[in-house]
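This report refers to the structure that appears directly beneath it.
Lettered A, B, C and D in written order, each chain numbered from 1.
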């Protein structure tokens, strides 16, 4: 193993997912996982899937020097502790929203004041399919948000290929699982209240709109619903192009963008049970699926995009970005398939 | 009890729901439930909730004379057997799509040829909140479809009050439960394949668009997703009005339409876990909920509407319509509350 | 309506269930629901199924005088406030464990010291199928616990009929839903951690053993598992009788005990999907189901018992007991059927 | 890659799981997957997790010569086609029950007549933790059944260490997920009927008792319940030892048997949410978990055992056995961790 790594905020869901991925990664050795609340407990105490892993949480105030530090802390923590993170590691991959936006102006529009606005321009936003060319050698990487990632992956090829002009009205109706609420929960995420729901979770003004605007260059109408699954984000994008769009154009646009992408699959129609992108089909993996249907009645293009919010929407994307940043094989530690069947992903 | 009733197609999900409702209804006595496959079995054999009910399925070819016949048969059966139904009963309430549309032209656009097109004009479409004035004395009633009902209930008050003009672009993104697929199932609705999904179920061209067009006078962009619940239909309508719309206008429109409706509730914001319409909140009942949020960023109105597809979207609506048709108290047999908590409605 | 009622602890799950039942009860008028945390909020704020109910929570320190007070407070509260409860109401029905056991000795064995041990002998344990003869005129009623109720309902007829002697080894393996954990939750009941589980919840020493011992006169080996449903308790009792037991004896024992019981159903075999007692079949209702199978290989009798823990295991049983205590028709307000299908009850 | 492999019966759930495992296995190359119904379809058509895998189903009548053939066909097929299987491959690993029992007498007691009883003695039963010493060089391997595997893994160390004598009464109460019913389904496994259940699935006389008897040398009282998860089998074994058993003895017995086992974990108590074996903790993996609690009241030992029925209970165990048979590193292709959180495993 060529690189040492640490996970700050190791007891949360994305922290646990990073530990799982790094544990199976051929090039990384995990030397530290921090947790203030669970110091000295094994990582398996919080993450039962990792009960066989020989590692205990340590206090976040004492960071080990490592090659790569992954920060899986709540929004706001990374901007406070960024100097300590960069002192400890050559490469910092932040999974929070703290360094995703490009300017203080943008940040202030959606969040409440940034402690270290001067660093915003330094950080590389990481959605490797979008901008992998910026990542090699990057020392501060901001891994993309889950709902933004799902949306961008579905729409961007259509803009790149000119199938869409960028002036269209776009409605994005997202369905997400309960892991987006994080570990710990509260009344709204308790099992009796949360199971079996279709709940408007962010009817309007979800902060991921900021990332979509910045990286897609398009303002979208964005609504997020919570549904009964644990992992997964499915974005349905209803787009109204100026003129008719053909199936061939759509296929060709996705092929152009994703034909060589190791983690992207285009799924549109065919027979069988699974004809479109579904979170179940990618659960637990770094794969993303995109697909579409054309509505003959109203010249609408319906784009479907599905990811695992904790993987391609968070920890998987972060490891993918670190692979690119360090010059490791892109798929290292991420090339495994998902499960079928799987109940609620 | 003042009226006798029968349920044709009593072994399916909506047939069972009708039996449950009629069993608890103060004015109806169920004298027959038919099922070709389960003849002579008790109704509890198919509907375990009704294991205490003393009634056995009989062959559908021998219909008892009754005051009201509820037909809960697959689409296409009612148009074939309508004469026998009308011979047996003074009032026929059909829960299929066979008699919902007003003209053969409309029907042919969405379905494959109607056996008895001359009856289409005679049948009254029943969505009591929309057109209860047409129902008293009606002898052939076509109970509205679940996804259409959810959509129409959410949008119609806004047109009636002039908040929307009817020229707007409207995207309707519906999420439905597995009972819409009916009893019996197939590979797509088997538990391992169906649980935990967000699956594009009718990406475009869902037949309920026909009802919406006809009764709302508006063409909508309509997409249906299957999600992990058993009962429930939640319609999210993304509407782009020509000019700014205020919260007051919205509240006022819903109050005007639904202020005196016994089964409609408007839910929009407030604190707590349940701030908007949710299928869970109305599961098992004839209640419908509507609510909304206004997106300040793009002058979009987001309308939420939730019903139980088997109740207000089917059997409950049918009994409601029968109550109105016969001059019974509207809420008779339907006034009970739902459950909380309930896992997956 | 003949009686006024109040619900102390109205914002919890069983409090909400009581409000639902009393709202639909022909003889009760709810005049007060208390909640310290949600004072002045509507009951629909906590219980979305009751969004149409015109009632607001009030402070529990000021109790209205009523005919019947239902206490749905956490264990330990009733024994502290019992004098205030009895001052406010002629009849107090307590849903907690505070007054279920008959003696201080019994109580101390399973709980930590009773504030008012002298009242234990006064309180009537209420499992109406077991001891309805004690209830008429009772002024302090302790409604039975859910897991104990399921177990007792399954086994008692066999002892009464002499099919079992009472000396048998009995293993009771119970599966329960998430509502047993109450509203509010914590990490263990958060949706991501709680969904899809089979979790040993009380591997040994569950306190409901005390009730079983006292009211069944038998020590059982008792283990409770949490599974993925919201409502429901299913007890599987593995019993090893001294000699052979026939199916006829079993049927006869249940018929003898439950033949005239309005809320009990015996279900054992037959065809179809639902051949045995299941929580789904009774979800939302006051019905209980019992059934059995005989293992030819090892002369074991397997008894299945299913209830809705919030209904027959709590609020339904409490209203049933109040009906009997006041001389109201036993089934008043409780005679409705459950739902089919229903996702997770 | 050193060995070629084929999967006969590749479109079913265990067939798909084998394909997933072999696709990620460093020593196997899959050269054929058969399916009569889906000939020429990609494997991703049936297994959406494998949409990226470049392999199409072929007709089962034309088997390619391979080093190892995995048969994932329904019970009864392997015994019919065993000669063709052995002609095609040096090593046959059968996942059905056809060759699990050691003698025709045993087989006839639980099943209906064996076509090739003379082969029963030749086949090696494979539960590697139990009998890995028999596997090297084996050419016909019968992979153990899921419920039997869970039970045997939990109990055997206690017999081996003398904590239990083998004369005890043992009640095994198993909870399983819907994948045990296989792909395709029927009414009982349709989502509306199957979700949220606690259903007695095999109240008595489950055929896996035969394996337990044969390989554990003990008759057990065995009952299987279906609960709401897709993957997973959890066995709770209630054992009544002759004399007192201490926690130390239990720990020591499990340490002795499983201390060096790569796939076994002992989990018993401690804090946190996950204190005992749970199917969720091992979902998607070849890990098995065992744990216990001692009931002070009735000198009962409660043993918990959890596996993924499709992995350690089927495909994972089969690959594990093939690894041992061929002298490959035991954990090759199986060493990955599971997911956390995961909705319904």
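We take it that a contact is a pair of C-beta atoms (placed from the backbone, for glycine too) under 8 Å apart; a residue touches a chain by one contact, two chains touch by 3 or more.
Since this is a predicted model, take the numbers as computed values, not measurements.
Novice: Keeping to the contact definition above, tell me which chains border both subunit A and subunit D.
Specialist: Expected: B, C.
Novice: Would you mind checking which chain's C-alpha centre is most distant from the centre of subunit A?
Specialist: C
Novice: On a C-alpha centroid basis, what's the spacing between subunit B and subunit C, in Å?
Specialist: One centre to the other, that is 34 Å.
Novice: CA centre of subunit A versus CA centre of subunit C: separation in Å?
Specialist: Measuring from centre to centre gives 45 Å for this pair.
Novice: If you look at subunit D, which of its residues touch at least two other chains?
Specialist: 13, 177-179, 187, 192-193, 195-196, 228-230, 273-274, 278, 280, 341-345
Novice: Spell out the part of subunit C that touches subunit D in their complex, as residue ranges.
Specialist: 169, 171, 173, 175, 187-188, 192-193, 195-200, 203-205, 209, 219, 221, 223, 225, 227-230, 232, 234, 236, 238, 240, 273-276, 278-280, 293-298, 300, 302, 304, 306, 341-345
Novice: Could you pull out which subunit B residues touch subunit D in their complex?
Specialist: For subunit B paired with subunit D, touching residues are 13, 177-179, 181, 183-187, 189-196, 228, 230, 343-344.
Novice: Which positions of subunit D touch subunit A when the two form their complex?
Specialist: Listed in rising order, the residues are 13, 16-17, 20, 23-24, 41, 45-53, 177-179, 228-231, 265, 267, 270-274, 278, 280-285, 287, 289, 335-345.
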